[in-house]
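One chain, chain A, links the two complexes that follow: it is found with chain B in the first and with chain C in the second.
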Partner chain A sequence: MNTALNLLHLLTPESILVETILVVLIAGLFKATAQKRNMLLSLTLIGGVTAGAMLIFQPHYGNIANGMAVLDPLTRFIKVVVLGLSLITAVYAVQSNIRQHFAEYLALILFTAIGMMLLAGTENLLMIFIALEMVSIPLYLLAGFLKQSSASAEASLKYFLVGGVSAAFLLFGISLIYGTTGATSLRDLAQSAPAVTRDPLFLAGLVMAIVGFGFKVAAVPFHLWAPDVYEGAPTSSAALIASGSKVAGFLILAKFLAIGLAGAAGSAASSQLQPGWLPLLAVIAAISIVVGNLAALSQSNVKRILAYSAIAQSGYMLLGLSATGGTALISVLFYVVVYALTALGAFGVVLHVEQRRGGSQLHHFEGLHQSAPGLALCMGVFMISLAGIPPLAGFFGKFYLFAGALGSASQGGNLGLLWVVAIAITFNAVSLYYYLIVLKHVFVTPATHPAEPVTRRNAATFVTGLLAVSVFAIGLYPGVLLDPLRAAAQAANRKPVTAAPVQPK
Partner chain B sequence: MNTFLLLALVPLLPFLAAGITALLKREQRGLSATLVIGAQTVACAISLFLFAGAITAKSGAIVHNFPWLTFGNDTLRLGLLLDPLSAGMGAMVSFVTLLIFIYSVGYMKEDRNFTRFFTFLSLFSGAMLGVVYSNSLLLTFICWELVGLASYLLIGFWFHKPSAAAAAKKAFITTRVGDMGFLIGMFWLYKAAGTLLFYDNGAGCLEQAALATMAKTMVGGLAVSNIIALLIFCGAAGKSGQFPLHVWLPDAMEGPTPVSALIHAATMVAAGVYLVARVFPIFTATGAPSVSLTVVACIGAFTALFAALIAVAQTDIKRILAYSTVSQLGFMMLALGVGSVGAAMLHLIAHAFFKALLFMGAGSVIHGVHEEQDIRAMGGLWNKMPLTFATYAIGMLALAGFPLAFSGFWSKDAVLHAANLWPVSQLPFKMAAAAAFLTAFYMTRQMFYVFFGSYRGHTHPHESPVVMTLPLVILAAAAVLFSLVATPAWPWFEDFLAGHNAGFELAALREPGFLHVALTSTAIVFSGLLLGWFIYGRRPLSGVDPIEAASASAYNTLANRCYIDELYDATIIRLVALTGEISAWIDRTILQGAVNATAGFSFLISYLSDGIDRFLINFGFDHSCNALREYGSGIAGCEGGRVQGYLRVLGVGMVVLLAFLGWLLV
Partner chain C sequence: MSPILFWIFSALMLGFGAATILNRNPVASALSLVVSFLGLAALFFGLDANFIGVIQILVYAGAVMVLFIFIIMLLDLKAEQRRQINIPALLGGVAIVVAFTAQLVTVIRSYKAGNEPFAAITPNLPDAHNIGMTLFANYNLPFQVIGVLILVASIGVVVLSQRELK
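The block that comes next holds the complex of A and B.
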């Protein structure tokens, strides 16, 4: 009884989102018009903002049923971020070419948001799996939402098949881990994992779990779905897959590894490799960086470029995860959040071009600086930030990440991860090529398309501009994002481990 | 209001006015003059207020230090200081400066660049007051250099005249020579004392602990304190025109006359004397007649006599005054050298009043006879410019040291008295006495040339406007009235500097030592005046100077300033030029050859590397770029779009990872 009440208390924001879904679905029963789409969006935003406010005013700490649902400042921070990203996606959706079943589309976005929030707020393997599925299944649907478009349907099917197999691997991996350690809660796992670090079954479970998560964050070689899905899915869906889903996926992977398996890390230092998740992660990171950056070079579709860029960026983030330790975790989260904002913004620009010019091939971007100078400028900010050039946020993300990776003491010496960092920096230079190719088409190549009317401002372009400004601002004052993140992480570390269910503020 | 704010305001107000007027347009003449004079009036009022406060205060010095720069764990602090010395000097400087500003309104009325002139004047005033109130040698040095800059700008104010531009350069470079010594001395002082603050609750560089350390440390047989003192004295000698760095001061008369009055008579040139007086404790760290003080005394006495001699044979009205200034600065240095700060400061302030008066009087004369400066082309001006004549005569008598009613008499007597009591040698006293005699003589000569006899020029002299004569009257009054506080009977000023109250004692006048000196100097002054009248006053003057007629060679030597400039030209400047020639030759032949060789070599390398670049690197780079792109296509091509393949890769990936871990395990 008490647990149920506490659970309700802890999950109030999620509950509000569920109610919002119901309201939106009911409102969606009426005939679809443009005004109604805006009304539905308003309902969604009201519900989302209310949930966000609830989130902020919740108690600081909570822990129900041995980690099934937890709350601490860091979790709350990530929950707010994924909720915000989902809402921005909803704003994008209004501008996209989704005309039918718009209410259902918004509802699916909210479902995804609930899944991501639950995923962020759990420390139990079972709950992790369930939440991950709660994220994945709406995303499959969102990817295939353009039912008339065969590309969309194909993307959805591919996403679903690969996702299903990955989920199977993840579940199998979790089973093996449970079988060898007897724990599903990450904190229990942390107690029992060190005893079995050299048990082959446990290691097999570890690999399988990482395959499952690797799919979620689109790391090589579990990445193959990503370009097809990014290209085929409606742009707003792809934006959510690229941003929110990635943030949630990385947070849970970080929790899984850093909390649950801290004792089974092994070592990825080139001089003293030890079995564990660190060498796995380092290898996956290196391959992702190489493959993602190289494959992006030959793409002609901006969405595919963004997909491969996302794969490479996942490599950077995995590299950050391989450097365990408090500051490294913060730098990964900083990087992930900055990346999510940037990618979301870039998809915003893509959305605009797609709506105006009917495609997202590179040549559709030609002369954008004339027809939509503001958006062209935004695209410049996003691409340069992704390439990691100062003074934009992406530079500081990479800087903290690499600095964290080089300084990580757990790697047997200060420069144990140098080999991965060296690869990362080399291929970061390669990545400049395809980021700048996009900008070349935006700024340099004259338009071959007939001139279109100058863009009217709408909510989506406004949000895109806002994202560009925030990327710029975080670049100038990294503390804007870093300080709250650091404060939250410190507060989360101070959390009493044997927490009573819900503690008032 | 607190004292620190007031102290800071005194230099800051003129600085602020300078900053604002610098932005004004050339046409906004009235506004710029109003701003500058207004700021100066307030600064003057504050400094007089502070002076009044210092008179009544019994607490001694007021020190305010504040942090300026922090680097590492060290904080560099600057500070402001109000003690009798700075209060008296500040009051005099701001007051005389204010009068000269007012005078400038009239003198510079016709000038196009009136606004610029006032900007520079105000900049100078701020910097000079900064020197006065500074409590840190570093702040002093900063303001000192700003003063030098302002002086440079003002001497070269009419930069379209080549002579003015050259004089500005000469002044700046000559004083820089002295400033090098100052700078080194400052570094050394920082090393020796660990601070450049003068007073800092016992930790300042002029306080007991630091002085004792410096007096104990010996370098090459000399106490460090003496070396530092001499190095700082280099800077002071440069600014105050002491031999052998005096050459710039007469040339500086190329500047507008108010500038000569302000900078090169009353204030800036006195800064050197003030500096020595300020850091006097370093000079006396090893006891009263120290090595450094002896050097100061000798240089001062020599300069006094030497400059007075040259002044006898000058014909430019301002140059005579310039050499007279050099000579009087020598008196002040002599007073410092024999250990009497009081006499030096007394003479400094008295001199500031009457020398500013004389310069402004000379300016009035020059203005009246239409920019003529040669005294041989003047004459008989006393009835054409009566007010100027009267005030000039007062200034002249004060400078000559005419007894009793003129401040110059008392202050010069104080210097002579102090020199007479110097235990080391009587020679400086005798030289100073000779200089005093010459002073009376050449001033008489000038008076006769300028004001008496018949007019020898070709224009129509006229009296100057009130805005110019009013400051003359005020300064003339000051030159007379200052004698009230300067007599030994009521040595108010000296006692104020020493920090105790003065008693009124007529008996001091009858003190045998003083009486002796006073009578001697009176005799000297009268004989100088008489000799002047005897040579120049009895007959109408012609183009040839009577002395020249008597002994052409001696006169020419003096008229040519003892050939010091020529000596410098022949030695130092030739040496510098020679070094320059040699450097140029080395540059042209050896270095340029090397450069050319390097260039040729570089060409060779660049041809080679161009070849390499073109055939190897570009080839390689292009190829690797293409290869990269091809790899990219290859990798991208891996995904044929068939989901079965995707899943296969996924499975294979897992197996590979498992194998990898297995390998690590084994």
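The block that comes next holds the complex of A and C.
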């Protein structure tokens, strides 16, 4: 088979999504009827589920054009996750207050999904950059979709400007790395990077690339866009920014650092500091945890609380990334997937409250347990999981992450990262305050709002409930998520390096 | 390319690039951009990348600029209003840029390979053929993904620029 056919073979799910987008866009041109939104959503879901099914039945391994597009069990797992998160966002969108251009809204969600899937499935710096743009540009548009709202326009513009600057940094960094090593494929980079780890130009490129990625995952000090974007963007868009793009961003950061730059890691152990990306990452992680958790304390808008909590959670995940080797990658991916499910669920509850009560300030959540007891319970599950209290999934995520960071062999083995872990655990206790404040408004404070009609069940609340159940289930049996991840990561390491896709036996 | 020509064209490119941002009149900005592109095209010719140089002139200095000026005329853009400059923010920005540039210059000066002369470039003709082969064989996937990205951009323009229906 020639390359073009191999490419099509490997990227069938993405191609199906592109076709779905075209169908949805054309269907959006028909005259508006009462059922049109549901019809468009069904088309999106049918396309998305078909693409997901194709993903599962694809060949197990593939590698096109020296890492431009790769497929292995781990990549496929993450692709299924990001596709699922995007489809849930599409379900949310039907309940949101987007009236105009609904077909385009769904199309942009699918474009983001394609970008995230390409990002998950590449090991080449050039494709990483293009796929990141493929994620970012639809997200800028999704953030600014409410044209009558100035907050939405502000969110979109801020996100766009900051995203543009970060893309410039990333591109500059990548070009310096390419200039010093002559490699764009991460596997080639791993071969040539150790020779230039002391090269100042290479280190400058490395720092700029990390700055670029830092903007994408909203780590301090590159986080200032996050609260305004989460608050101003339509809630379904913010949910996608908080969940799917986080998963894809962390997977690619992990690949970039662990595969491409494994030889340039340095050391962040307090006893033996060495230049490289590890000390940089450890410091960014520590600042993100401190600033995110402290700034969340003074917020009165639940979306802003979620934004600062997302910054702090980014810090925890970066801490996990700085614990290289062993099971560190699996614990980071476990954590980020659990976080994405939880954040998506929390935004589902926020969406409901916004539609019912016209805002997402803390006082809008008062007495939610009376008008919507099911959703109030879900919010309880999400908040307690984010705070990391057993037996919910967030606890196990943090447990594996911190255990991995403490036992990290590359840090000298003897508790080299203890200083960051100590900060993380201390500020995790601080974070309890703002998570519980939200729950206090949901459960304890009596409703001051006029009584509202009893909630009718709809697809969005159903999905939110499903997310809560899954967070609960992963907490009870972490193996549900951990075993497939572990198996996929092991299988990915055994990968035969061939150009043509290998059919499963 | 002789060093003198290189410096002249670089100065042309950077100078008119700055003029693009500093001019308040949109038409003057657009025309400065044309000259900046011409300087860039000359640099490409100096590297024996003739095809890219020609494309730079045809597509950017030609087609894209005509489109720009067309839109400026169509929208009847007025000269930009003078804005109040936030002095502390400006000073902070300048300080960061200066520090960043100083660091970059130090780093590049200490880069050994950067102080050695380039190996002579032997032009590998026909370059249009080479670029086509590279683009469609090695970089087929990025090329196609960028095609999809352009679809995103055109959808975005329609969504953002269309007036709300009443």
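As a convention for this text, the second predicted complex is superposed on the first by the 492 of 505 C-alpha atoms of A that agree within 3 Å, B and C clash if a C-alpha of one lies under 4 Å from a C-alpha of the other, contacts with A are read in each partner's own complex, and residues count from 1 in each chain.
Rule of thumb we're sticking to: a contact is a pair of C-beta atoms (placed from the backbone, for glycine too) under 8 Å apart; a residue touches a chain by one contact, two chains touch by 3 or more.
In this text the structure is predicted, and so the values were computed from the model without any measurement.
Asker: Quick one: on chain A, after the overlay, do chain B and chain C clash, or do they fit? Just give me the call.
Answerer: fit
Asker: After the superposition on A, what does A:227 contact: first (chain B), second (chain C), both or neither?
Answerer: A:227 sits against chain B, while chain C stays out of touch.
Asker: Given the touch rule stated above, what does A:64 touch, chain B (first), chain C (second), both, or neither?
Answerer: second
Asker: Just to be sure I read the superposition right, which of the two partners does A:377 touch: chain B = first, chain C = second, or both, or neither?
Answerer: A:377 sits against neither chain B nor chain C.
Asker: Using the touch definition from the top, say if A:101 reaches chain B (first), chain C (second), both or neither.
Answerer: After superposition on chain A, A:101 lies in contact with chain C alone.
Asker: So in the superposed three-chain picture, is A:418 touching just chain B, just chain C, both, or none of them (first/second/both/neither)?
Answerer: neither
Asker: Is A:131 touching the first partner chain B, the second partner chain C, both, or neither of them?
Answerer: The second partner, chain C, only.
Asker: Mind working out whether A:204 is in touch with chain B, chain C, both or neither, as first, second, both or neither?
Answerer: both
Asker: Name the contact category of A:480: first (chain B only), second (chain C only), both, or neither.
Answerer: Once the two structures are laid over each other on A, A:480 reaches no partner at all.
Asker: To be precise, I mean the smallest distance between any C-alpha of chain B and any C-alpha of chain C in the superposed model; what is it in Å?
Answerer: Taking the overlay as described at the top, chain B lies 6 Å from chain C at its nearest C-alpha.
Asker: Considering each complex separately, which residues of chain A are in contact with chain B in the first and with chain C in the second?
Answerer: Residues 200, 203-204 of chain A touch both chain B and chain C.
Asker: Using the touch definition up top, name the residues of chain A that touch chain B in the complex.
Answerer: Result: residues 157-158, 161-162, 165-166, 169, 198, 200, 203-204, 206-208, 210-211, 215, 220-222, 224-225, 227-228, 266, 273-275, 279-280, 283-284, 291, 294-299, 308, 430 of chain A touch chain B.
Asker: List the residues on chain C that touch chain A in their complex, please.
Answerer: That would be residues 103-104, 106-108, 110-111, 114, 137-142, 145-146, 148-149, 151-153, 155-156, 158-160, 162, 164-165 of chain C.
Asker: Using the touch definition from the top, list the residues of chain A that touch chain C in their complex.
Answerer: The contact residues of chain A facing chain C are 3-4, 7, 11, 18, 21, 25, 64-65, 68-69, 100-101, 104, 107-108, 111, 114, 118, 126-127, 130-131, 133-134, 137-138, 140-141, 144-145, 147-148, 199-201, 203-204.
Asker: In the complex formed with chain A, which residues of chain B make contact?
Answerer: 628-629, 631-633, 635-636, 638-639, 641, 643, 645-647, 649-650, 652-654, 657-658, 660-662, 664-665
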